[in-house]
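Below, each structure is written out as structure tokens.
Shared between the two complexes below is subunit A, which has subunit B as its partner in the first and subunit C in the second.
Right, the complex of A and B next:
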């Protein structure tokens, strides 16, 4: 033990250190349980045969998933959600990527202010965005529908794309662009063959994040939608009649899809980092 | 050589960055096939010169000709010049072969030609077997070779190299110096090389331009700048030199230098009378025991430091004219019977009069 003594061991430590550490572990554990247990329940109840979910679990069934798949209301809600998410991802990624270039590379006036304006919507509460948009849309006399939902979602997804792509551009070695120019590439060719491939992981991650954010957004959607329903709205309407196992099944599917998309995004961003770290070495 | 068009000609080139003059009315002619080295301390303007030739920065005034054609206002890719960057700037998402092929693909060469030439230049730099690797999977020396192959594959009239060996360790750097010389002989392209390392310049260059404060101090072969430096800066920057201030005067029909601190030594032939600085290289010096009867005038001193450096020993002698450094090579046939290199020993420093030179300050 003596030879393992480090500075930490010899530092003055409270006599209650052991107890404090124990208490903190309990608190941390309780927090995690509180965070994740409801989700575990939700998944468990989605495979429970009884139609009034509760313990003990009496068996395993995919009945609710079948029922969910057969429900035409869910079909249209799912369709709406996917359409919105895909369109939002495409537009947010395009605008966000284009915005990231001048924000990182300059050539604009008031870069600090521009950066704040582009990323501030992340901090603005959804209620404000939704309400503001509703007032604005009504003022313009535009009919509410999926297109207004898309506009609403763009407000808070674009900043995330800007942040992710800007971070990637920040670490971009501009000498690679000089090298490409030196080898005879035009600006457009340099963008296509050098810059875009190297920042692609960030762009795709931004798109995937936009999808996950858009798919489960409730507040902004609620303010800006017309007669249609998206998945989160559908779930809320169903809950008025009590939480059905069918909704549990639907929620489980959303959970899995969202986590998968998020996971793919993280892996992509990780790939990007690996490239850069090796360069530095 | 005389009637051929120079590969590069700089005419009265000046580059200002704001109020600082990075390059001050520099004119320079580089002949085709040369391995031309721009040597100098940081901030001397050597990298600025390279960037001007490469077209990465515009010049403030002057003219640049490449192969007799004025290219002052042309962008980099229209100059028939390619660059090996200091950090190599390899494209991390492309394999070695794709990196080398990049410039050829931008030229829209037929793909068979691209493949053939990529193979040819990877062969040239000795990386034929590694074409499918990513740059991140290669050592610094190998990345250096890829950068070289990528630039050479474009078959430029001039290859610019910006301190390409700076990031390598000493041993690898020595090996790459030999390698660069070989590649230069093999392709015959004009190389313009920037470095602050005089060893690198002396060992590889056909001619060296020594720069200081935005101006060219001297242009010459490695031997010329080493043996006949035009001023104190060049003598000091290239190799190690002892400087001895004094006065040249004629005594009894022989020209002597009376050193400022005392002592007198024979002057090199043709030295003008008056105050002057004498320079003499450490390897020209001979140390004699002070007891030995001296035929010639020599400088008395005491050994204050002896450093064994493997293939030579560096001996510092304190004399009335200041500290003098002498180098004694090892392994030569001309070994004295009693080598003088004991600390504290009283010695006499002597050199052949014509091995020293009078130089301007």
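Right, the complex of A and C next:
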């Protein structure tokens, strides 16, 4: 990249280039502020003592966090969310990883159609997925509950796992497998000892992503849940009663947890990249 | 590694003659659970929703499988529905345009003027809100736009207004701003992926050959990042067609979009009516995806860990 920069310096540039660059940096800075300001305020209002969050900030308290921790409605909502997320992650990661292999390496009859099928749930608004499932469930006469939420979450988390694992498989150096086969390993042994360990970071990242997507999902859950509550649904019922600092405290905790999981996931994906076939890029 | 050794190693050990069908089945087998899941939980429900949209509910809200087009006729005959749908399209277009207008200069600056290492950090800063809860990101705006929110406090502190204003929230403008906020990361990621591949010295070359900066931008840069722009548009426009949470939280009574109507129907147990509206949205989404399928780069936006 050093080359490109120095080439730029010596080339004729518009007399306005300097000003353009200045303007752009202001726009970029403002954009970042725009991205983070709401989150900053969200967190700020969770440590504000007043009953209705807002300015001016009158002090710092952890009262709302204590209240949140003691709230049994939050406990059961959290429990439901975690149960759903774990089951969804396990199933989505398993079937998503499996599906990624034939998608990348061939063997299915209509690869184009398969690819479309696995990207559609990412592109289609959650309202359609949710309502579709709801009418289907109603027609079958199945009772709504956490199991139907799990079904709904599987639809949009599995494609993410497929995409992530497929991206890693795409860059996978197949000569490693051929070497293993040359040395007498069976297909199963190659998969177990060569392929899976090397794409493990992508699989784990996919699982973590499924967890965060599932825990945060509101729209599909909204359509497919029975009498129970998950965290986002609990939050929306609270917001409808009026903005409470307890929700801000809960939101802050969810943000921190999501970011941690996300951070672990991206570090893993970064590690995964090291095993990519260099000359294939 | 030299090219010679690479090509030698590229020859796979022969698997031996295998009957085609068995081998094909073996290779396709891992795909089947995923396929079965999506067929059962996604494809079939979509077709059932289509069927529902041609049925009706009677006065006691029981489903009647009486094939008719009334739900659609009602949609096209009721001015409120058409108006809400038109408004949704206008809102989606406006947010898409605004999202592009913000993310293009942003990503342009990022790719062209920010060092490689720092680029990653900034990009991560853009992705992070994208992976945090959508509900919470919308909710956070009440802290800014609400009556006791930051905007009111700021305007009062600077003496521009005396009383906290309720004008900032519960209207279309609030929905517009929050939707830009929610979908900006999609647009930025799509454009970044396209700009990253662009060689900026081409712009200098164009100007060297006498093009004005705006000409160079229009004729050299824009055509080359076309797929990025289209991907960005699709990733912003389509989800807004199904938006109901943002209008619910910051749109107030007047801010409803088409998906709010679907939710209202569903709440009242009027599935056929809701399904008809959902199918209208689905048709739009499908047309967009089919028309732009060659330019859509889903991986650029979602598989960037």
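One rule holds for everything that comes next: the second predicted complex is superposed on the first by the 245 of 281 C-alpha atoms of A that agree within 3 Å, B and C clash if a C-alpha of one lies under 4 Å from a C-alpha of the other, contacts with A are read in each partner's own complex, and residues count from 1 in each chain.
Going forward, a contact is a pair of C-beta atoms (placed from the backbone, for glycine too) under 8 Å apart; a residue touches a chain by one contact, two chains touch by 3 or more.
As the structure is a prediction and not an experimental result, all values here were calculated from the model.
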Query raised in the report: Which partner does A:118 contact after superposing on A: first (subunit B), second (subunit C), both, neither?
Result: second
Query raised in the report: Of the two partner chains, subunit B (first) and subunit C (second), which one does A:205 touch, if any: first, second, both, or neither?
Result: second
Query - Touched partner set for A:162, first subunit B, second subunit C, both or neither - result: second
Query raised in the report: A:175 contacts which: subunit B (first), subunit C (second), both, neither?
Result: both
Report task. Return the chain, subunit B or subunit C, that is in touch with more residues of subunit A. Result -> C
Requested in this report: For A:88, select first, second, both or neither according to whether it touches subunit B, subunit C, the two together, or no partner.
Outcome: neither
**Report entry** First (subunit B), second (subunit C), both or neither touched by A:184
**Finding:** first
Query raised in the report: Looking at the overlay, does A:129 come into contact with subunit B only (first), subunit C only (second), both, or neither?
Result: second
Query raised in the report: So, A:193: does it touch subunit B (first), subunit C (second), both, or neither?
Result: first
Query raised in the report: Is A:98 in contact with subunit B, with subunit C, with both, or with neither (first, second, both, neither)?
Result: second
Requested in this report: Share the list of subunit A residues that count as touching for subunit B in one structure and for subunit C in the other.
Outcome: 175, 178, 181-182, 279
Report task. Name, in rising order, each residue of subunit A that touches subunit B in their complex. Result -> 173, 175-176, 178-185, 189, 193-194, 197-198, 275-276, 278-279, 281
Query raised in the report: Touching subunit C in the complex: which residues of subunit A?
Result: 1, 4, 7-8, 11-14, 16-17, 20-21, 23-25, 27-28, 31-32, 34-39, 41-42, 44-45, 52-56, 91, 94-96, 98-99, 101-103, 105-109, 114, 116-129, 131-136, 138-139, 151-152, 154-155, 158, 160, 162-164, 167, 174-175, 178, 181-182, 205, 209, 212, 215-216, 218-219, 222-223, 232, 235-236, 239, 243, 247-248, 251, 254-255, 258-259, 262, 265-266, 268-270, 279
Requested in this report: Would you tell me which residues of subunit B are touching subunit A in their complex?
Outcome: 54, 56, 75-77, 82-83, 85, 87, 89-93, 102-103, 106-107, 135-136, 150-151, 154
Query raised in the report: Which bits of subunit C are touching subunit A when the two form their complex?
Result: 1, 6, 9-10, 12-13, 24, 26-28, 30-31, 33-35, 37-38, 41-46, 48-49, 52, 63, 102-103, 105-106, 108-110, 113, 115-116, 122, 124-126, 128-129, 131-137, 139-144, 146-150, 152-153, 181, 184-185, 199-201, 204-205, 207-208, 213, 234-235, 238-239, 241-245, 249, 259, 262-263, 266, 271, 274-275, 278, 281-282, 285, 289, 293, 298-299, 302-303, 305
